[in-house]
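You will see two complexes here that share chain A, one where it goes with chain B and one where it goes with chain C.
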Partner chain A sequence: MGVAVLLKQVPDTTAKISISGGKVDESSIAKWAISPYDEYALESAIQLKESGFGDVVAITCGPSRAAKCLTEAAAVGADRLIHILTESTLDSIQVQSLLSASVKETGCDLVMCGKQAADTNSGSTGPGLASTLGFSFVGGVTRVSVNGGLASATRLGPSGLEEVEVGGPCVFTFDKGESELRRPNVRGIMMAKKKPIDSLSPEDLGVNGTNSLVIIKDHSSPPEKQPGQKFIGSESIPEVVEKLREEANVI
Partner chain B sequence: MVYEALDFYDIDSLLTEEERMVRDMVRDWVEDRVLPNIEDACRDGVFPDEWRAEIGEMGILGAPLKGYGCPGLSYIAYGLICQELERGDSGVRSFASVQGSLAMYPIWDFGSEEQKEKYLPGMAKGDLVGCFGLTEPDYGSNPGDMITRAEDKGDHFLLNGAKMWITNGTIADLAIVWAKLEGDIRGFIVEKGDEGFSAPEMKGKHSLKASVTSELVFQDCKIPKDRMLPSVKGLRGPFSCLNNARFGISWGAVGAAQSCFNSAREYALSRIQFGHPIASFQLVQNKLSWMLREITKGQLLAYHIGKKKDDGSWIPEQISLAKMNNVDMALEIARMSRDIHGANGILDEYPVMRHMANLESVKTYEGTHDIHNLILGRHITGIQSFTREP
Partner chain C sequence: MSTTVISESNNGILHPVTAQLVGAASSLGGPITVICPGGVGSSDAAKISGVTKVISVEGECFETYDCSAWSKSLSPLIEGDLILSSSSAIGRELISSISATKGIPVVQDVTSLKDGFSATRTIYSGKAIEEVSISSPCAISLRPNSFESAEGGGSAEISTVNVSQEVAVAVKRALAKASERLDVSEAEIIISGGRGMGEPANFSHLNEIADVLGAAVGASRAAVDTWEEIPHSMQVGQTGKTVTPNLYIAVGISGAIQHLAGMRSSKFILAINKDPEAPIFGVADYGIVSTWEDALPALKDQLAELLSN
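Moving on, here comes the complex of A and B:
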């Protein structure tokens, strides 16, 4: 028994992103962080562990820099750390097959991750993983607890809060939760430093390094917002009315 | 926007992963908790109690001390903690300096086994707050002539006298008080609630407004015999505490300077005058480049003295140089940054005026700028010039 938490390292949401040659220039990113929704998944997994449920296994898939988010997870209480080391850009199916192979290896039948990553916003990992693993799927939860063999979760549904109960293995994806995220402390950091990271290649997991079928062909910044226009005094009323009629088409 | 700390000479690459993680933890805490609330705290003249609790939870108090529930980090890590706290506010760093270097350290180094067991674990968690009473109303740079006296009354000590400018005094659960016992300076642990002890807060500061500053008053203050620190006599006791605190300040000042530099750089890039960002003008670039130069030198001083603290090869004069130089450069950078901000620099929307006012205190406490010059003067010439006595 245990919970597998999937963590993606993304540029910090406040970091400046610059694009060069149709690609995000990674060297210009000042700070990398665990994707915020994944942090809620991690918090919930640690709470489950504190309530007597099994160990927390943190898994990340990405280049060597991504190991940092595993150490950060260990500093707040993750027990086992798995790094699927991939240097090339993968598409969603490839990521899902790597993650599901590693989840199988851990034997965890609860999987938690964010509902979407802060960089791609695609939201495909959770549902895709559930499909590959043959697990149930509950998306957009804010809380998960386990009682006996049953997991129950709270999620914001279209008509209010839903309480969901799941019997078997399940993938939960997290929305911004109710609980405050815990901070690391020095004791946790010192323990994290000693915790080994299992570094696995796709081959170790029996997943062949097939080429990505979906690739991003180009990247560009969103168009810059036009500066606003200012009109002062009643003499500008005719001009404003004309602009609203001719340019904005709102009257 | 994410904070990009100035690190022109890539000191980051010299840090261990643990040191970087501790630094980032404190940096995140300062950004989440201190920066959004510091102006209110200053306006109200309070050090918020939740900051005490959260600093305690992070486990950074008494950073370089080992055992008795203390973190046992490197001096470099302690320096980084001070740097990040002071990037927030000098008052927040003062809280941690006083607790760790001035109150926990003397118990750890000069205390009895019972004293260490009794106080250090609670102090490391921030559950017990300590302060340090050396300076007196009439004895600042010259603590050796202090008036506060302890008398041995057989089954207890009796303290009489007063201390002034004591950070954390009013909120402290215990005070390390230096007093003369039969002519020798000795350290005593005075607890809140001890008979004849009071710690009224000093009001009206224009600097370190988010830090508690107090007087400590002893009127026939009666303390048990087991409260004297057994293993130190003379000024060596308080001075060895001050060496550690001054070391932390040399890093803290870098944090305050980085905050002012960062604000000046952002402001200069976005402020348009004569149709161009002021950052494009040579006089402003000259100021920014001077800041970068001085901060980089200060970082290298702080890092190197940190390494020497860690391997034990330091001398006190090296700490004097680092404290004096780095506070001096930080104060100059705060003033220069205010200048780049123009009139906006006086607003609490920017951190610079607050840092500037704080740094005036930091320049003065823990050995004034001038006294550190005299310490270096004695080192160079072999002639002390503190007093006219031979």
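Moving on, here comes the complex of A and C:
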């Protein structure tokens, strides 16, 4: 029993991204944070624990700076902290095999994470991990509760908002959740600082080093926008509408 | 080079993004198989020019959406060097699950693709552009409206495969029906409202213009957080949807960096804001300094007149 929560550390949403030599310059990113959707997963896991479900195990995969998001998770109630230390950029298969090995080691049969991380916005980890582990999968949920052996969740499915039920081991990915996120109190922060972090290398998890099958060739800044044209007052609307058709060709 | 396209459907019919996926596959060359989960839209898929073969996969498990069950049903039927899907919510989930089953890497939300599998996508919510090379076989989801659609006029052979797969995720009850409105992530024109709209009822002005333009209606996070009537599914931005329509109209939206993250790569941006200093004007191609109360009625009339001719 227990819930594994997967947390990814990403640049804070207000961070400026600068590029040097064809690569994003990570050292210039002033502030890092837990990816926003992952925070909803963490909140839900802590609520499950409060309702009598097992411990919350927070897992992150990333360089040494990522340990901070585990301490932040501990400050709001995570019981065990696991840091899979990786320095290079990994492809989806590498990430999933590391996380899968780590989840297996914890024995958790529920896994929660965000539906996408705010850096790559990919959304591959949750569903991919479910396949790797052989767990069921429910994506884009806003709420999860557990009753006996059955988990119930609210998700935005193809035909609208719906309530689903699933038994047995399952991976849930979170959309923006229904609950407010809790903030740590002083005591939580103090306790979290003392909480040990299990730092594991891929080898510790029995995952042998492979090369990434996805190679980053270049990073660049989005093209600068030309300064636009400004119009004052609603009298300009006929002119703007005509330009939308004749000049911009968009209507 | 051979490609399998996972078709996208919406309300029981083939979604137009499927033709864009085929268009992207055609430019790479080689045979193209379109696989239709639940058999939805298979006869329309067969009419897309360039398609070699359609596999209509049918079975009870497709009556509701269980990503794992769908993926287990589809994976054994998928072969080739490249798997393509849409980067819609379901498209991403399915292709992640299928690629993990096959042990091949997946790259999501790609906006351009060159042979030898060089793919471009935006990262950090549009603050940077990344180019990656991927070794084949691999799986790639493509952002809607980024690739030319393949034309009609094809007549591919359709084979039907019946599968039986256990479903683990049971749908218990519907809580709210999917909005009848076009979703922002697939619209070519979006009109979004922010806190400046004053109250949620005023979004009716945006809806009316959306109806004239065939557009989707979006919102800023401030609008979504302040008003219960405005669902999160409408939110554009860092913690909402990333959109790249041909035309994005921002009304009463200040242009916070997290909002810009979701819409700055729109092809054309029109902003309406009463504050001439609003940051949204910094990314707008056309900016109108006006209250929406003055601007929207006039805008609606002008558009209606233009489009009725």
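Convention: the second predicted complex is superposed on the first by the 231 of 251 C-alpha atoms of A that agree within 3 Å, B and C clash if a C-alpha of one lies under 4 Å from a C-alpha of the other, contacts with A are read in each partner's own complex, and residues count from 1 in each chain.
Note that a contact is a pair of C-beta atoms (placed from the backbone, for glycine too) under 8 Å apart; a residue touches a chain by one contact, two chains touch by 3 or more.
Since we're looking at a predicted model, the values are computed, not measured.
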item	value
Fit or clash between chain C and chain B when superposed on chain A	fit
Partner contacting more residues of chain A (chain B vs chain C)	C
Partner chain(s) touched by A:183 [first = chain B, second = chain C, both, neither]	first
Touched partner set for A:192, first chain B, second chain C, both or neither	first
First (chain B), second (chain C), both or neither touched by A:14	both
Superposed arrangement, angle subtended at the Cα centre of chain A by chain B and chain C, nearest 10 degrees	120
Chain B versus chain C - smallest C-alpha distance in the overlay, whole Å	7
Chain A positions touched by chain B in one structure and by chain C in the second	14-16
In the complex, chain C residues that touch chain A	10, 64-68, 71, 89-90, 92-94, 96-101, 103-109, 118, 122-135, 138, 168-179, 189, 213, 232-233, 238-239, 242, 246-247, 257-258, 261, 264-265, 267-270, 276, 281-290, 294-295, 298-299, 302-303, 306-307
Interfacial residue positions of chain A with respect to chain B in the complex	12, 14-16, 30-31, 71-72, 75, 183-187, 189-190, 192-193
Interfacial residue positions of chain A with respect to chain C in the complex	11, 13-17, 19, 24, 36-37, 91-93, 96, 115, 118-132, 135-140, 152, 154, 156-168, 170, 175-176, 212-222, 225-226, 228-234, 236-238, 240-245, 248, 250-251
Of all residues in chain B, those that touch chain A in their complex	1-2, 4, 17-18, 21-22, 25, 28-29, 54, 57-60, 63, 71, 73
